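Below are two complexes that have chain A in common, paired first with chain B and then with chain C.
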Partner chain A sequence: MPVEIIEPGLGSSIQDLGRPGYYNVGIPPGGALDLASARIANLLVGNDEGAAVIESPYMGPKLRFTEDTLVAVTGATMEPRLNGETVPQWEAVPVTAGDELSFGFLEAGARIYIAVAGGFDVPEALGSRSTYPIGRFGGFQGRPLAAGDAVPVGSGSGTPGTSVPEHLRPSWTREVDVRVVLGLYDYRLAPAGLSAFLDESWTLTPVADRMGFRYTGPTLEWIEREQPFGAGSDPSNIVDAGYPVGSIQVPGGVEPIILHRDAVSGGGYAMVATVISADMDLVGQCSPGATTRFRAVSLDNALAARHEYRSRLQELRSALGA
Partner chain B sequence: MPEHVVKSPLPGVFYRRPSPDDPVFVEEGAEVTAEQTIGLVEVMKQFAEVKAGAAGTLSSFAVENESTVGPGDDIATIETS
Partner chain C sequence: MTSVTTEETTQERESRYSWGADEHLVVQISEEMSLPANFTAMAMSTALDERGLDGIIDICPANASLLVRFDPDVIAPADLEAQVRDVEAAVAHNPHLSLETRIFDIPVWYNDPFTNETGARFRDRHQRPEGNDLEFAAIENGLPSAEAFIEAHSSSPWIASMVGFVAGLPFLFQMVERERQLEVPKYLRPRTDTPERTVGYGGCFSCIYSVRGAGGYQMFGITPVPIFDPEQRLADFEEFMVLFRPGDIVKFRPIDEEEFNRIRADVDAGTHKVRQAPVTFVLEDFLADPDGYNAHLLEALNAR
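Let's look at the complex of A and B:
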């Protein structure tokens, strides 16, 4: 029995953990921008962590359930309301057929994740149920959700009232430190450009979607050179190269862009740094206006942070009896 | 006089005009209907319409054109009578 979309919010889409393995042919991994919140939403309602959920940036959708089930909302702080009555986030909430789920204003973070018991049962495309709107495949008919959609749900079972302990819930702020590993092209920045990149604060612009997050701040100075054959004429251009997910390019030396999970796989802009994998969820929970500092760490530190991220997830799984 | 405060549903940039060359959706002091669009909020290259939400006189805007707004921020005040 499907869940009906009464109002879609703004660019809500079906996502799971993504489809790694096709970036070499230009298809990005996709998947929830805040993977941990998507995993937790699923665990709360008794699903596999990789079941499909709804990701809604900045504004919640309005949904109607057509059968009795369980729903959990994680990620950004945004008051869920069941038939107008406030219900908790980070908890498996029982719903009955005909119930409507709506949301208050976004209070902190950027994206909510909505899981239902059994998961959203859309067909897999290249091994994933994630929507890739640019490629028009995956998720629900290859596009963001629209009013009137009836999204199929699998069958599942979970335990009502299952909740994430308070100390394991993330807290979102408007001032974040994002850890990066410098390279591969940081040597193209003049010393003053590199120190401005790392020392100044950056403000997230409204251009902050599944493909990229664009920031305003100082102009970065590059080292002048005679551009090599195949590279564009601006000093921020390089001969085309693959773009890692999380890499930061600075076209023209202004407005750095962090590429996120729906980004293009390559191009001709120098990547001065790459966000460490453990901080990609945090980037996904930043909304326009968020003040951001890029902090350079070593590869060893990045790996230690990844280990810590995985340990925290393991702690969550234990707390939820998964 | 009873008031209705219009709030931004989204984080983004607030616009009072449908496009730079067009007149504003509504002038301060004008009568509006509940369904009337009074501005736009841009985020992710998408523009969400901000509706008045109540009928009355739009007495004042709380934010400048093209300023950054957060979700729940006051946009305008409507005097309902």
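Let's look at the complex of A and C:
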């Protein structure tokens, strides 16, 4: 029995953990921007961590259930309401057929994740249920959710009241440090440009979506040169190359862009650093206006942070009896 | 016979290895575009893929570089780097690099009303307010007319030196000497719209837009042939929704409105198939005689 979309919010879409393996033909990994929150939402309702959830940026959708089930909301802080009554986040909440789930305003973070027991049962495309709107496939009919959609749900069994212990819940702030590994084409930045990139603070612009996050701040200076054949005329141009997910490019030396999981797979702008995998969820939970500093770490530091991220997830799984 | 001396020197320099944080390795083979640099990226991709290493998620050859996405919990970065360097050394020491690939006939209605209308709509973002993108490209390349530019664009084949940006979009590098390569700057500011299947041009690359959307390349025409089919409706997409793979060779063929409409009708009926043939592309043979070698490649296509 499906979940009905009464109001879709702002670009809500079906996501899972993504579709690796097709980047060489320009199909990005996709998947939840805050993967940990998507995993936890699933664990709360008794699903596999990779089941499909709804990701809603900035504004919650309004949903109607057509059978008795369990729902959990994680990610950004945004009050869930069942038939108008406040219900907790980070907890498996029982619902009955006909119940309506809506939301208050965004209080912290950027994206909520909604899981139902059994998972959203849209067809897999290239091994994933994640929506890829540019390619018009995946998710619900290859597009963001719209009012009137009836999204199928699988069958599942979870335990009502399962909740994430307070100390394991993330807290979102408006001032973040994002750890990056410098490299790629950073040798093209003038020393002053590189210092400014790391020393100044940056403000997230409204251009912050599943493809990329754009920041305002100082202009970065590039080393002038005669451009190599095929590289384009601006000093920030390179011969078109593959873009790592999480890489940061600075077209024209202004407004760095962090590419996220639905990004273009390549292009002609020099990348100067890459966000470490452990901080990609944090980037996904930043909303416009967030003050950001890029902090350079070594590859070993990035690996250590990755290890910590995984340990934290493991702790969560234990706490939830998974 | 013409040799391609300017391009051969690019392989002398050492590649640059760099980490895209903990999940990506990027190998910059050359800062400038050249067929040998691209061939190295392709050959390294193939050889790395053949090793079947656990923990490698994506191997993406690009124009003059290679991107590898990996899981560092399965393969340590240092081990991956050692493997890729080993692959690069093997490729560098092979003087007989070749590519088992395919050549495609891609019909193009140049100077068509769809891209001309879109170009007119975004003229405020263009270098030259008068005329269309084809006329601009002809002037930029010192050619007497749009027709002369179309002839230069369609007479020699192109190699898909990279597939990406968005799903299934091929970057195409023309298989001619450096002196004959066409160069056209991109729009001053990107358009917010480009018709699906537009044949575009930016820098030294042609492309075919696989989907409708934003774009900054000059627009020269439109092909009736889909290159991306997420519903996998046509026979060419039975196995996969994307037509082109890195290393495919494309020959553009100018067509008129009538042929365009005939092919579109076949596409709509679900009966259309792209004309293609398997070919072996030997780099040294090409570099020794580009035009002669291209003629040899086209024979395989014309035999179909």
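Rule of thumb we're sticking to: the second predicted complex is superposed on the first by the 322 of 322 C-alpha atoms of A that agree within 3 Å, B and C clash if a C-alpha of one lies under 4 Å from a C-alpha of the other, contacts with A are read in each partner's own complex, and residues count from 1 in each chain.
Here is the rule we use: a contact is a pair of C-beta atoms (placed from the backbone, for glycine too) under 8 Å apart; a residue touches a chain by one contact, two chains touch by 3 or more.
The structure displayed is predicted, hence computed values, not measured ones.
Engineer: Looking at the overlay on chain A, is there a clash between chain B and chain C, or do the two fit?
Structural biologist: Fit.
Engineer: Thinking of the overlay built on chain A, is A:107 touched by chain B (first), by chain C (second), by both, or by neither?
Structural biologist: first
Engineer: Touching A:289, do we find chain B (first), chain C (second), both, or neither?
Structural biologist: first
Engineer: Angle at chain A, chain B to chain C, CA centres, as a multiple of 10°?
Structural biologist: 110
Engineer: According to the stated criteria, A:196 is in contact with first (chain B), second (chain C), both, or neither; which is it?
Structural biologist: neither
Engineer: Quick one: is A:57 in contact with chain B, with chain C, with both, or with neither? Answer first, second, both or neither.
Structural biologist: Only chain B is touched by A:57; chain C is not.
Engineer: What's your read, chain B or chain C touching more residues of chain A?
Structural biologist: C
Engineer: Applying the touch criterion given at the start, work out whether A:208 contacts chain B, chain C, both or neither, answering first, second, both or neither.
Structural biologist: Touch partner of A:208: chain B, not chain C.
Engineer: For A:1, is the partner it touches chain B (first), chain C (second), both, or none of the two (neither)?
Structural biologist: Neither partner.
Engineer: How many Å separate the nearest C-alpha atoms of chain B and chain C in the overlaid structures?
Structural biologist: Superposed on chain A, the two chains' closest C-alpha atoms are separated by 11 Å.
Engineer: Please output the residues of chain C touching chain A within their complex, sorted ascending.
Structural biologist: 18-24, 26, 28, 30-34, 45, 57-67, 69, 72-73, 77, 162-169, 171, 178, 185-186, 202-205, 210-211, 213, 228, 230, 241-242, 244-246
Engineer: Note which residues of chain A are touching chain C in the complex, please.
Structural biologist: 20-27, 125-126, 132, 134-137, 142, 180-181, 183-185, 228-233, 238-247, 264-268, 271, 274-278, 299, 302-303, 306, 310
Engineer: Could you list, by residue number, the parts of chain A that touch chain B in their complex?
Structural biologist: Contacts found on chain A: 10-11, 57-59, 105-107, 110, 206-209, 287-289.
Engineer: Where on chain B is chain A touching in the complex?
Structural biologist: Contact set of chain B toward chain A: 7, 9-13, 42-46, 48, 68, 70-72.
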